[in-house]
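Some structures are shown below for you to check.
In the two assemblies presented below, chain A is common to both, partnered first by chain B and then by chain C.
Presenting the complex of A and B:
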């Protein structure tokens, strides 16, 4: 059995969301139509507005509806450090982890020659513009520890070499609470190579 | 089927938790397959299924696109970084682009495996890549034939250019081309002598060009851009 055309279209539309299959879409649609039309209207309104207005921050390329995001305009952040991440989700993860007070630059992807994604597709020309503003002393390359993430970090490092600023890369390590026995060989050997002097205090 | 030694060449997300993968395998050449569930957070295969990591895999399916069944890692991934990593990506792009699916290319697999020993060492990179390229050309029956268009031996005193369309050499206009003596050295099969590196590189590139078609190799472009950047840096300011 199928619903009326409009309800069917709603079901179809809901399935663009990740994790939503036919059954979930049906549950969502019926919930909105039968129990929470107000909530549905609010969702529709906010969704339309967000899709219309949210763009990239002029400075760090994270998602924002402003010209510059709150982080970039905040006077409490350290202007000397810039952390390059692959996605806004990575930026949030680092913010949630706490401890980092500098600024960010979001690539929205990584270099992937086999997918045809080159430096201009991840805003590396814009990174040059950002660094031309001056003030940045250290760039932290926080791309993912995957092959593409490493390639991206290498490319950025080469691009920034002439500027002579400090470059650092996130360390590889054993996860907190992990057991060496179960850590994969690649992580373990890199953690071994990157071991640190022991500090008692 | 028996588990096949394999390397991942490329992985692309497919649906929500799966991936479309390109593999190079020992006995079956390039295999395209769906790897189900590998994009799921916390999937063990997710970390395992990375480029440059030796794997053992099995698959099922009669169509060109297989379904990957078993993936086991058989050793730790090569520790590639920087330029060596880009060279590895170049090898992956090359194999994905030129190898037809399921054509057995045992030699290519062997030289691809040997690449990971060589790539961390800048001096050995070029020769390892040339060996792989020659293996690819031979597997596809596209390697240069060191004769001229009339099937005569190359004259050591002459200068030649390579014609990919008939895989043979023709005499070059004055001041161009490569001398016959160098080509005869290459013909003896030693593409890896240091003195021949430049010629070997341009020759293998010319021989690969018709296989690659018009679309450029993106990883090569990437390396060229880095090299160009370095040159402008090194140029003394006047």
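Presenting the complex of A and C:
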């Protein structure tokens, strides 16, 4: 039961948001209708505008409403390093972690032949154009540590081999702060294989 | 750091939703932009329409885009009982609990003289009109069990006294399934004062 057909449609529409079930949708709808109509109108307007205008950066394919994103045009990034990620969320996570000062290239997915997702669908033709610009000395293949992410990294590595630039992959290992007993077996065996000389300080 | 001014504005706008902090807003924005633009457009459209068209039912003041809500026009409700609640959310909670078959009247708040919220701001003039229709034999004052809710219930009771209809208030007590040690003192003492003869079955 709800109040009216239109409120029901609003409850339904709110459920496109990740993590929003019926109860949360109800709380959100009532909050906007009862307490913050201005905020709700702003949200509706900005959301419509963003869905209309936000596309991909011409150079790195991250989300932006501009021709080129702020990061691609920044003079303060290291032009010699390019980090290839599957999604803008991965790019944000790396930026939030801090430390990396190079550029990015966003695939918006990974190769998936069975789903008909090939090299051009993840922008690899654009990646070629990007690298033809010159200046990139190292490409970090930071696709997800999943079967599909690995396969995509290997495919890209193969394509880039003739360019002779340095290729790297994020280090695998046990996550910092984690307890060994909760780390999955695949991660643990990779951490063993990639073990480093112990440096006491 | 984010992607672009417009995406930043979207992250900001999403935070009008209750319970949505920076991380959740980012997950929502990326989900809509990367994976469900159609769902996002539908949400923007329905939200704008609801904020434009949803007002108060002429008879019970719940949220509806119609002149009168589905519940007020239903032939299957008990016309003799009217339950006064502070918000549409309270009305929904009572409906979800099941069992109540009467009608409602929604105040959209409570009396708060210090904030300049008087009887007309919570629709008490409309409540008079509603009761003038006749047929109501009992008014259940189901305002919140807070200081303001109590004061509002007492004020309304005073206003309705001359009408000679039955007035009631929800029973206070320990919540079902709760453990006594976690029940606050005020609730506990009210539960003692309102104790009932024990009926073994």
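Structural remarks
Note that the second predicted complex is superposed on the first by the 190 of 201 C-alpha atoms of A that agree within 3 Å, B and C clash if a C-alpha of one lies under 4 Å from a C-alpha of the other, contacts with A are read in each partner's own complex, and residues count from 1 in each chain.
Everything below uses one rule, namely that a contact is a pair of C-beta atoms (placed from the backbone, for glycine too) under 8 Å apart; a residue touches a chain by one contact, two chains touch by 3 or more.
What you see is a predicted model; the values in this text were computed from it and never measured.
After overlaying the two complexes on the shared chain, residue contacts for A:111 are found with chain B alone; chain C is out of touch. By the touch criterion defined above, A:96 reaches chain C but does not reach chain B.
In the overlay built on the shared chain, the residue A:146 is in contact with chain B alone; chain C does not reach it.
Look at A:49: by the touch rule set out above, it reaches chain C but stays clear of chain B. Touched residues of chain A were counted for both chain B and chain C, and C has more of them.
In the superposition on chain A, A:16 contacts chain C only, with no contact to chain B.
Judged by the touch definition given at the top, the superposed model places A:179 against neither chain B nor chain C. Legend: residue contacts after superposition of the two complexes on their common chain; A:161 is shown touching chain B, with no touch to chain C. The interface of chain A with chain B overlaps its interface with chain C at residues 18-19. Of all residues in chain C, those touching chain A in their complex are 1-7, 9-10, 12-14, 16-19, 24, 26-34, 36-37, 39-51, 53-54, 62-66, 69-70, 87-89, 92, 95-96, 108. Interface residues of chain A facing chain B in the complex, by the touch rule stated above, are 18-19, 111, 113-116, 118-119, 146-147, 150-151, 154-155, 158-159, 161-162, 184-186, 189-190.
Within the complex formed with chain A, the residues of chain B that make contact are 9-10, 12, 16, 47-48, 50-53, 73, 75-77, 79-83, 85-86, 88-90, 92-93, 96, 217-219, 221-222, 225-226, 229-230, 233.
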